[in-house]
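When the chains are written out, they are named A, B, C, D and E in that same order, and each has its own residue count from 1.
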Amino acid sequence: ADDKLEQLKEQGFARIAIANEPPFTAVGADGKVSGAAPDVARVIFEKLGVKEVVASISEYGAMIPGLQAGRHDAITAGLFMKPERCNAVAYSEPILCDAEAFALKKGNPLKLTSYKDIADNPNAKIGAPGGGTEEKLALEAGVPRDRVIVVPDGQSGIKMLQDGRIDVYSLPVLSIHDLIAKAKDPNLETVAPVVNAPVYCDGAAFRKQDVALRDAFDVELKKLKESGEFAKIIEPYGFSAKAAMSTSREKLCAAAK
Amino acid sequence: MPAPIIRIDNIVKRYGPLTVLDGLSMNVMPGEKLALIGPSGSGKTTILRILMTLETISGGHIEVDGEQLYHMPGGSGLVAADERHLHRMRGKIGMVFQHFNLFPHKCVLDNVTLAPMLTKGIKRPQAEKRAMELLDMVGLADKAKSVPAQLSGGQKQRVAIARALALSPKIMLFDEVTSALDPELVEEVLNVMRRLASETDMTMLLVTHEMGFAHDFADRVLFFDRGKIVEEGRPGDIFRNPTQERTQIFLRKIIAAGHRV
Amino acid sequence: MPAPIIRIDNIVKRYGPLTVLDGLSMNVMPGEKLALIGPSGSGKTTILRILMTLETISGGHIEVDGEQLYHMPGGSGLVAADERHLHRMRGKIGMVFQHFNLFPHKCVLDNVTLAPMLTKGIKRPQAEKRAMELLDMVGLADKAKSVPAQLSGGQKQRVAIARALALSPKIMLFDEVTSALDPELVEEVLNVMRRLASETDMTMLLVTHEMGFAHDFADRVLFFDRGKIVEEGRPGDIFRNPTQERTQIFLRKIIAAGHRV
Amino acid sequence: MSVWSGYLTLILQGALVTLELTIMGSALALVMAFLAGLGRLSRFFALRALATAYIEFFRGTSIFVQLFWVYFVLPFAGLTLTPLQAGVLALGLNVGAYGAEVVRGAVKAVGREQSEACIALNLSRYQRMRHVILPQALPLMLPTFCNNAIELLKGTAVVSLISLTDMTFQAQVVRAQTGNTLVPFAAILILYFLMASAISAAMRLLERRMTRGLDGMRT
Amino acid sequence: MEWDWDFVWQIMPTLLEGFKITILATILGAAVAMVVGLALAIARRSPVAAISRAVGFVSEFIRGTPLLVQLYFIFYVLPDIGIRLSPLTAGVIGIGIHYATYTAEVYRAGIENVSRGQWEAAKATNLTTRQAWIHVILPQAIPPMIPALANYFIAMFKETPLLSAITVLELMNQAKSIANSNYRYIEPMTLVGIFFLVISLVSVVGLRRLEERYARMDD
């Protein structure tokens, strides 16, 4: 299984799946990939001897199938650890942690502060990325399928909120803040964090059979965290290094069944 | 002597740079049977199409039955005819085409009754009665309910004749009505036309390559070449003693090709 | 007496439920000029197409130049001919079509040289030399570089004749080669054929509605009706004293329609 | 202003990918069109059946579905393609199936009369196709091929959905970065239209060259 | 990854939900395409050159650019000028107008295919232009159009998956969301493919029937 790392070293790059959801992942005007998750991955892969990371943007829902189908070597996209995801892929130790937030119209006319509120209001429509954590949380809280609108990207989410196609758009807190800041729309506001929604952390996700690669990644991640370099990378994006270091994969994967 | 029913005066017809009729003039008397002959491309079809108002003219005047065809009184003189004037003039003229142009989606009877019902407001029973008489005359009363696709070429052409007659035009135009037919079927159409010629006093203009038939049918033969009338006269004279060299050459070729004169 | 070059023995041809040829038998002698006449649909074209292997047959045998056409020796007797056998047999036969079927994308010269170069491996210079002789014979040497679209119907048909001759077949088949032509253009084609008939000893089969030409051209005339030979004989006899009623009716119709006999 | 020029570069990079996809997809489509189109006219039942199955399958399912299939399902059969390869494969096979019908139609439109003349002149099957039928069929195919190429160009937009960074994809990126929807979409609409017009113009040129001397040809 | 029949049965009801929307979108889109197409065809024949030229350009623009981008445009840009359509309405209008530019050509060809001889016969029997349209031209023009129109409706059906890009919960979108939440693409994508294949094969058979039935009558 060490061959996987050898193979990556040899070809000189690793293929990572990212979303385009600042501050987790971002693509600049010049096409350059940034964001907290790819930045961490880039540093660690470099330390592992893999010179470059090549990113491809993907929908959240398509990431795990894409990983399994061998399209990516790792997912570094803010794909939060959840028990059933832990079954499907091999996560590294936690990297980025965040709570969930809502973006909604000024004054929160429908008074929505939790996913349950949305389930209870038959007129409320929620937008969320397809296959993402928020979609699952909404469905689990009992929002019927036809009121959970799959939104392709953050910009569309804000647009649909402004156009009144959805009543609430849900993403992690930092993502929502980033979008609201960009939109500069005084008619929007945020609810953060969402009531009764847990704090999640993501990790780099690898194929089940690439556990050895994951372990090697973890070793470097640990060193990074200890050296303080980790905080230097992610804190400018607004993430807390402490949050990531105070929990573990084991806890998150075993969490609320 | 009565006035001509058709007066064609110095007609010019151009297609782009090509001048097809070049100052053509001719008169046709009421009841006259005229045959137009001449080589391919000489403008025979064109003159019939102009009379039927299927073309526009580039110059000249045509009077039909005492009225201008392409012009009408207006302002201080003549102006170009409008659709209403043309519609009224077309009521005087019928035409039979080389390729029949029957309405393929209608049965034989409806082909014949359509125009009288629509253009003259004749009620269906009368229109059908008259149509059946005409179909009977062309020998096709039993095909009234067939559609054109079920008919032979000769039968189609006889229906087309009946259709044109149903409007009782004063003038009938026939453009090579047998040349799209198998040789065996030619005769049945010519028979109908012979009867028509002898039994009615309609004015008829016939373009044909069947010299034998032209000879029997026509009171007068016009020989066309390059958009002009080169020679005209009684059929006996034209066919037996053509005075113009071009007529002689044409007739010689036709005869050599196996057509009886 | 020499052996027939074509022996047709009890041929049956069906299209679905329709029997077009019903046990037809006939022989053709080497060098013989044969005219096939008869009403539309009687099977004249079909028999030529069968000889050219453009159709399949439903029963019977055909021998051409001493060999089976649709069969070949194999097993303990005859088996269906394969593509190679057909290819060899087709080399003996040429055909000229009613609608010319020239290759529109090739110039006249290439139309004539294509087949000799491809099927006989003749080099371009020789092929072109022979083609020019043939084009000269049909009077079109000056049109060698024209494409078919620039030719009149009569010229096209003369090219088609030259094209068929270029393969030097032993047998030539002509299917109504003038009936798609304007009357004036018929004669130029018939002239070529007359020369061909008198100057070569090729075997020729001709389907035509030009009775006059059939009369001059043929050694023997076959009158077809409904897939059978109703009457045959020398042209003078058939045209002047037909013994069968069907032949008489047919000839009368044709004459009435203006064709010279 | 300088920000916009950065985004413009991004879209132009996408335009390059779109062009690449269109050209490679068209090349594959052309090959498939002739293979399957002539295959369907073959004497051999097996070839005909194969060609028919290919044509019906790719015309019967949506390009969208085919693309996802190639991208997400094929890897489990051991064939992992890059998004570009997947895009070219799906588009080429899809449009090739439509092109096959064009080839078949054009060959048939040249007509029985021409192939009968060839038989009478004793040309072999191959010679008939090579020297007589195809040279006449080709000009007949061109206009429809032109339409097919434009359909293919339009189809490339769909590959943005499997994260290939084509023009539509880059427009989405620009939109996410700038929050402006109108400008990037209007820009790519115009670019697509320019590309489609270029295809038409090129085909017209080609057509004129091929049909030179063929005017008045009867089909 | 193995094919899982239990999973297939489990997702079938959800897929059928999506399938209903797909069919609905197709039917509504076809209706829009038929009506707008006729309007375009008539406008194309307008004697006012400006109108016919403008309509021609717009049609060409629509036909030269991807439906996907047009859908994005309708869905995301139009609200800026106050036109906010529901996803399904936006999809139906987008796909309907896109295909209207094709059906307009069908109408046009159908009308032009009625031979000139028919117009001339109508004139020679002294029918007015209106009477000629109603009694002679249209009755002959319409039946041969039906197979061509049906052909475009089948094509339209195959493009409905694009509506998933603007959040319409049609078949493809349902399949994707199933795939996303179960990390399995094989079953839902293959099933979607089969749905499309079956429907198109059935409609192709139907189409051949139509074509035979409306094979042109000849004079």
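Going forward, a residue touches a chain if its C-beta (ideal position, glycine included) is under 8 Å from a C-beta of that chain, and two chains touch if they have at least 3 such contacts.
Everything numeric in this text was worked out from a predicted model, so none of it was measured.
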For chain B and chain E, chains touching each: none
Most distant chain from chain C, judged by the mean position of its C-alpha atoms: A
Top chain pair, ranked by how many C-beta pairs fall in contact: D-E
Centroid-based (C-alpha) most distant chain relative to chain D: B
Chain A and chain E, separation of their C-alpha mean positions in angstrom: 39
Between chain B and chain A, distance of the C-alpha-averaged centres to the nearest whole Å: 85
Whole-Å gap between the CA centroids of chain C and chain E: 52
Shared-contact residues (touching 2 or more other chains) in chain E: 1, 76, 165, 176, 179, 185
Touching two or more other chains - residues of chain C: none
Interface hub residues of chain A, defined as touching at least two other chains: 62, 65, 69, 152, 159
Which pairs of chains touch, using the document's own definition: A-D, A-E, B-C, B-E, C-D, D-E
Contacting residues of chain A [partner chain D, same complex]: 20, 27-31, 56-58, 62, 65-66, 69-71, 152-155, 158-159, 182-183
Interfacial residue positions of chain E with respect to chain D in the complex: 1, 61, 63-70, 72-73, 76-77, 80, 158-162, 165, 172, 176, 179, 185-186, 189-190, 192-193, 196-197, 200-201, 204
Parts of chain B lying in touch with chain C, wherever the complex brings them together: 39-40, 182-184, 186-187, 190, 209-213, 250, 253-260
Interface residues, chain D side, partner chain E - complex: 56-57, 59-66, 68-69, 72-73, 76, 150, 153-158, 160-161, 168, 171, 175, 181-182, 185-186, 188-189, 192-193, 195-197
For the chain D and chain A complex, residues of the former touching the latter: 3, 6-7, 9-10, 13, 71-72, 75-76, 80, 83, 163, 165, 169, 172-177, 179, 181
